[in-house]
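Got a structure for you, questions after.
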Amino acid sequence: MEEFERRVQDSFRRQAFMKTLGAEIATRKMGEVEIRFPFHRSLTQQNDFVHAGAITSILDSACGYAALSVAPLDHDVLSIEFKVNFLSPAVGEEFCARSHVKRAGKNLIVCAADAFALKNSQEKLVATMLATIMAVMRIA
Amino acid sequence: MEEFERRVQDSFRRQAFMKTLGAEIATRKMGEVEIRFPFHRSLTQQNDFVHAGAITSILDSACGYAALSVAPLDHDVLSIEFKVNFLSPAVGEEFCARSHVKRAGKNLIVCAADAFALKNSQEKLVATMLATIMAVMRIA
Amino acid sequence: MEEFERRVQDSFRRQAFMKTLGAEIATRKMGEVEIRFPFHRSLTQQNDFVHAGAITSILDSACGYAALSVAPLDHDVLSIEFKVNFLSPAVGEEFCARSHVKRAGKNLIVCAADAFALKNSQEKLVATMLATIMAVMRIA
Amino acid sequence: MEEFERRVQDSFRRQAFMKTLGAEIATRKMGEVEIRFPFHRSLTQQNDFVHAGAITSILDSACGYAALSVAPLDHDVLSIEFKVNFLSPAVGEEFCARSHVKRAGKNLIVCAADAFALKNSQEKLVATMLATIMAVMRIA
């Protein structure tokens, strides 16, 4: 496993909320990350679709970890802000968010990510995010 | 309980994800909603702050229910898109999102919401959302 | 004129694009700014409404100058990103954007602004912005 | 010239604000549009960079016309909202915005666009937009 991969995996494992969502991460290469979770009823809204907040959560973490994978080793990352568009109801057996770094500045890293629903082996785009991440010197 | 309140409460109770977050809703008046959850370790990120995705989830639902409270009775609401700014780390004993309708059009309802952390009886602004909601004729 | 007012006015006068829009600025107090321009055909889109880009431009400058008015004296400000919702067609005799600082951090300043159309002495909300501004040490 | 191209060109020519910016449009194919303008001092901010509002204006129109090119023939389009990230100072001899349709629904069309500065024959990414457009039946 490469340095940036270990770094992303270590931090991800400490995100209790990702465990609550049943989510797992895969780093594809520096600046690109994929997070997935299987459908679970505990994640639904009133129409039994997956809640926009759950989809947003993996999009956010995918953007954050794409940024972390390119940030200096003694830095951590913070979500400054993001915007999400919801393109289709989140219906499927599994959901995944794929992010990439759009531009890495000294302090600010802009990432984009798409979320897909997997149903009968077909992927459907359900949401897209544009996010601003800040790299900050790690304290401890 | 008034009609719009019952309507919001009924729909909210069907959101399994809100139960997963330990969240409860209060409608203050038409077009204004508050959702809260107590701190729980299952909602944290790598630094033991509450995950941006959990905060975003109650901001999103608060905007959606503010919109629902002013939508025609035979309509349901969908999140089209939103943007969130994170203003302070989400550290506290309890978290709440307060939303209001900024403009209600025939089909689109624009809502704003702020999220606060409560710590030692003090509220701190931790995030702010601007959201576009669509009112759609209920199918069933 | 107070220090922060002079500072805002000096910088605004150097924005040639604001002259192109016919815009003028008024600082109401630290962290609050208003920019206005009268209707002019050169600012319209295909339906003779004022172009969303012209409205966005004064919202952006209003957020930037609200941020500048609270930034350290040796700092300048940069727009990192913003989001705008368009709430009504921009029809009127005059247009104004009013901004305020939502949260001023050490480096990042989050501002909100509303844009209004004035018609027959009545104000109508036409757009709303949420913006992230960065304060950076001035170079020259 | 194809139908969708003529349609985009006709509407663009009626946007007086695009003339004010010195902008021209090229439709590359259905759902993809490019708008450019040369540097002009009348479009600058206080540091002689092109104003974020001018860049945003061509990004917005590029998204709107990408949407128009795929909308039903008796429909017009309206910008509902957009978000822009500014990635580099807008310095160059020419500026262009390239948009594409991300998802076209029945009423809502989500578009993305990038803006580039051209300097010494080199393109640099300066901004990126994610926009929500509504297709509405044309009145006249």
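For this structure, a couple of remarks:
As written, the chains take the letters A, B, C and D, and residue 1 is the first residue of each chain.
Keep in mind that, in the parts below, a residue touches a chain if its C-beta (ideal position, glycine included) is under 8 Å from a C-beta of that chain, and two chains touch if they have at least 3 such contacts.
Being a predicted model, the structure only gives us computed values, none of them experimental.
The two sequence copies chain C and chain D touch through a face in which the numbers common to both exceed half of the numbers used overall. Across B-C and A-C, it is B-C that has more C-beta pairs touching. Remark: chain B and chain C have CA centroids separated by 29 Å (rounded to whole angstrom).
Chain C and chain D have Cα centroids separated by 21 Å.
Taking each chain's centre as the mean of its C-alpha atoms, chain A lies 33 Å from chain C.
In chain A, the residues touching two or more other chains are 80-81, 83, 85, 132. Taken together, the chain A residues at the contact with chain C in this complex read 80-81, 83, 107-108, 132, 134.
Chain B meets chain C in the complex at residues 83, 85, 87-88, 102-103, 105, 110, 112, 125, 128, 130, 132.
Residues of chain B touching chain A in their complex: 11-12, 14-20, 41-47, 50-54, 56-58, 60-61, 76, 78-86.
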